[in-house]
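Pasting a structure here, questions to come.
In order of appearance the chains are A, B, C and D, and numbering begins at 1 in each one.
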Amino acid sequence: MNVNVDMSVNIGGLSLRAPLLTASGTFGSAREFSELIDLNRLGAVVTKGVSLEPWEGNPAPRIAETSSGMLNSIGLQNAGVESFCVNDLAWLESEAPQVPVIVNVSGHTVEEYVAVIDRLEWEPFIAGYEVNISCPNVDAGGMAFGTSCASAAEVTRACRGSTERPLIVKLSPNVTDIAGIATAVEAEGADAVSLINTLLGMAIDVGTFRPKLARGVGGLSGPAIKPVAVRMVWQVARAVTIPVIGMGGIMTAEDAIEFMLAGATAVAVGTANFVDPTSTVRIVDGMAEFCHARGIERVADLTGAVLA
Amino acid sequence: MNVNVDMSVNIGGLSLRAPLLTASGTFGSAREFSELIDLNRLGAVVTKGVSLEPWEGNPAPRIAETSSGMLNSIGLQNAGVESFCVNDLAWLESEAPQVPVIVNVSGHTVEEYVAVIDRLEWEPFIAGYEVNISCPNVDAGGMAFGTSCASAAEVTRACRGSTERPLIVKLSPNVTDIAGIATAVEAEGADAVSLINTLLGMAIDVGTFRPKLARGVGGLSGPAIKPVAVRMVWQVARAVTIPVIGMGGIMTAEDAIEFMLAGATAVAVGTANFVDPTSTVRIVDGMAEFCHARGIERVADLTGAVLA
Amino acid sequence: MTTCGCAHHTPPRVLENVTVVANDRVAQGVGLVTFDSPRIARDIQPGQFVHLRIAQGVDYLLRRPFSIYRAHAGRLEILYQVVGRGTRDLALATPGTEMDMVGPLGCGWRIADSTTHALLVSGGLGAAPLGMLAEELAERGIAVTVAMGAPCGERLVGRDLFERVARRVEIATDDGSCGTAGFVTGVCGEMVAEGGYDAVYTCGPEPMQRIVAAQAAEAEVACQVSLERLMACGIGVCLSCVVETKCGLRRACVDGPVFYAKEVVWDSAHDVTCER
Amino acid sequence: MTTCGCAHHTPPRVLENVTVVANDRVAQGVGLVTFDSPRIARDIQPGQFVHLRIAQGVDYLLRRPFSIYRAHAGRLEILYQVVGRGTRDLALATPGTEMDMVGPLGCGWRIADSTTHALLVSGGLGAAPLGMLAEELAERGIAVTVAMGAPCGERLVGRDLFERVARRVEIATDDGSCGTAGFVTGVCGEMVAEGGYDAVYTCGPEPMQRIVAAQAAEAEVACQVSLERLMACGIGVCLSCVVETKCGLRRACVDGPVFYAKEVVWDSAHDVTCER
């Protein structure tokens, strides 16, 4: 029944068969989901954050449930870029050769971001990069880069210098003026921006007087943050000309449509993968049905179609 | 049974019988609640925002429900300071003479804030002011003052010049560094800070393609924002020496305790008043019971007691 | 002098724990729920409403406003249409379920001492606040005539009650499956023009109420309307429910939901109920 | 070589819609719920778990992990303790209620071919993942002895099952209301020291498991433990459930929840279950 809807979108030269990506850190490297869903239905897989050396992450507990949301302080635990290439990327290349892979890149310093990309440039099976300048869970680097225009621009410029592949910069919502930061990274040659990463939050156990996360603070995700995310996508989409990838609390097709209307060219699904591991394909189906029911022929026509 | 717990706290020289205030804009001028609860149980009533001239507010619809929260774009509709004194303040003075009244002050310009305070200085029955530099729902003034240290400091300095009454500055969460802004207003003589006001958000009706709020964007409140609010209270309390009034999503006594542990001297209850109009007294009772059950003699001992 | 406010003496509001005693489907997509709620049932006046907490958790937070269809013997009856999360959950509530409500709220229908013959015009679920009114008018010995409309016969609500207390009930359905084919405003227009009424009371989709108001104005009969607005607090503090009137913004939850039609500035009135 | 990972061949995971067929209180604060879940019930191995969606709305979002107490004839039995929102809602689920679960998940108990006599040590709700194991061991002709403890007799769970399949069941309660007075670790310590076991399996509060592990190590018997961690995804992607092991951080949801005790770095092990 959805044959009539053109679900393809284009993100900085990368053409995707569906306007839906996985949100970094919530989908592993896709392997764990391959038993549960057909990965070919996704627009692209965005991998967990990859750093130059292995990172240990933060002490446990690393998550806490909150009203309509969750806090996490994973801290970008990962086995490093070398292990990523040998294990995760190799698996994706052999088992999901049709699915574009966007690697989420982390670093403590500008040089580390660049070093990760330099290593990944050797791998032919990569469709693009998402540079994470917005992780609230690491001390050096992480969110710090994403909270000022100058440092966001600096990371973007350096990464741009290392690759001609589509370069997406992932923005932090923990700022006064996200549109300003988006404009700064656009000026340095980013092909797209993705937003939002998690809102910095905290929860305290009133029984023990201790923070629920061992690290104290962590990142808030899930439906609780959706109104903030939609607002920021709307602000950024009006400020830049490059595509915006919207995320934050998407649980249903209607949520995804809301982000598209606000100005997103594609959306990403994060926390919902934990609640329902089939969320991504369910949402893609629902988006197609939504368009079909309203006679919308191209899903891309929804982008920025809010009447305001 | 709570006789043993000392529930009093002190906010910038103002001594309150309970560490719980009403959040501005969610309690009218208390009159509407007088049939439903005993106002004498409250630490203080914080009135709705009062401006120099009458304000019309924004067009309807002005609210939208979101997951564990709500958006509002009321836009500080009020009848102006003169009407406030004649109607609301006079009622409070005659019907609730024991309850300290803190007037929430709004303005489009620094001069307007000052003019409102100048008028209110003539009224003996006012315990203090809360200067709202964080309303996301008005174009000029409002949140704009609360998003830079310089303008936050300027408003504070001007208001401080007009009054010796306790002066609370209400901070916006829509900033990169709320602790920096708190430090700036402390330096200008604020007696306390209150936080958080609402997070700027947006919701779009996918049926009509229109924003759910006529104004487009509005302020997000309720349990959804609690983790962000607790984190900000924790950051600000470590940065300043003046008392912090914490709010954002408090629905239960445990929520209130969480804010106290994070560093709040008192808390304010907003959206919960709509869900359960008896929330304030229910929470005060619950806080006293919490202390009693754990042998905590003074509720003030909870302030900043998080183990981190 | 027009004040656009509430002239009534309104009974004190309470927060009451209530129990569902019956809950049945009465028309397509419409349920009738009966609550045991002695205090509110005793005090509530026709046209007033209650603010019901359906949600238990904090997934959706706000209470839902509902008019009272009938109140008697310590019980309240609410007619509700299933439109979203809250009303879906309400439809699932079984007898014995406990909830709480704030009420009586708002300013109900005014009944002038001089009234002898009232015309009630109901569109779709507009019957909800008109049921109590019809019974009250009849009890006071005031003649009642009803014009009621719905998309189809399957979705007509309140007919039994109206036929019991009214001297005449005219029905219109969009598809003609019951009564006259067409909108209720067609039927009502003729009736008002015929004359003989000294009060018109109407509730239904806002565009319909507006037309009825114009018909009544034409015939120089005082008309009252009951308006729906999104409501957070229901008690006058949040200013979410404003209605534009000739005397400025008024709160539907305390100054309404019933207003004299002539006081409403219809142009800007925001319609949240086109569906019904 | 120690890998601290899962050596098992684990059955494929599915998302299955399941129906509650029975749900009863079996001890103080403890319920036993039975689900119709043909696919998972067929495949699941002792010590594996399922990730159950209890919440319907988005007030609380996450699934809840539960061990399988018994699996037979297309049905799964889960023993659960009521501790918070999710388990409170679970306790209210009536037969016919539909939910969904992801499973089978994780790596269960290893049963070495050489095992002849296994000691199962259960503290409180530790019986939950040991039930299926006890039945499986008995079926394979391996002798089973059980040491079980609880705060009081009222809170002992799993006794019937254990007494049916084990050759010996020793009970300890903190208050002496049933069996020996004191902690199960006292009883267990003596039993391990007596000798005769070639495998120890334990589940219960983490401090208890740690003591049992030390007792088994002392007696040079291989010991497996089942650890609880906060879990968001349950399938290995979110890294919320890490356990510190001799080979680094491992995920309780895929590399565990069962680990060889000697691989666990207990010092940093985070205890979320002191209550039980």
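What we mean here is this: a residue touches a chain if its C-beta (ideal position, glycine included) is under 8 Å from a C-beta of that chain, and two chains touch if they have at least 3 such contacts.
Everything numeric in this text was worked out from a predicted model, so none of it was measured.
Asker: State the chain with the largest centre-to-centre distance from subunit D, centres being mean CA positions.
Answerer: It is C.
Asker: So what's the Cα centroid distance for subunit C and subunit D, whole Å?
Answerer: So the centre of subunit C lies 56 Å away from the centre of subunit D.
Asker: At what distance in angstrom does the C-alpha mean of subunit C lie from that of subunit B?
Answerer: 36
Asker: Can you tell me which residues of subunit C touch two or more of the remaining chains?
Answerer: Only 58-60 qualify.
Asker: Residues of subunit A that touch two or more other chains: which are they?
Answerer: If we look for residues of subunit A contacting two or more partner chains, we find 67-69, 222-223.
Asker: Think of each chain as a node with edges to the chains it touches; is that a line, ring, star, complete or other?
Answerer: Topology of touching chains reads as complete, every chain touching all others.
Asker: Which of the residues in subunit D come into contact with subunit B in the complex?
Answerer: Residues 58-59.
Asker: With touch defined as at the start, can you tell me which subunit C residues reach subunit D in the complex?
Answerer: Touching subunit D from subunit C are residues 57-60, 85.
Asker: Considering the complex alone, what residue numbers of subunit B touch subunit C?
Answerer: Residues of subunit B touching subunit C: 25-28, 32-33, 35-36, 48, 56-57, 59-65, 67-70, 72, 74, 77, 214, 222-223, 251, 271, 273-278.
Asker: Hey, which residues of subunit B end up touching subunit A in the complex?
Answerer: Subunit B residues touching subunit A: 66-69, 71, 147-148, 174-176, 199-204, 206, 208-211, 216-217, 220, 222-228, 230-231, 234, 249, 254, 257-258, 261-262, 290, 305-308.
Asker: Subunit B touches which residues of subunit C in the complex?
Answerer: Interface residues on the subunit C side: 12-15, 53, 58-63, 102, 229-230, 232-242, 249, 254, 268, 270, 272.
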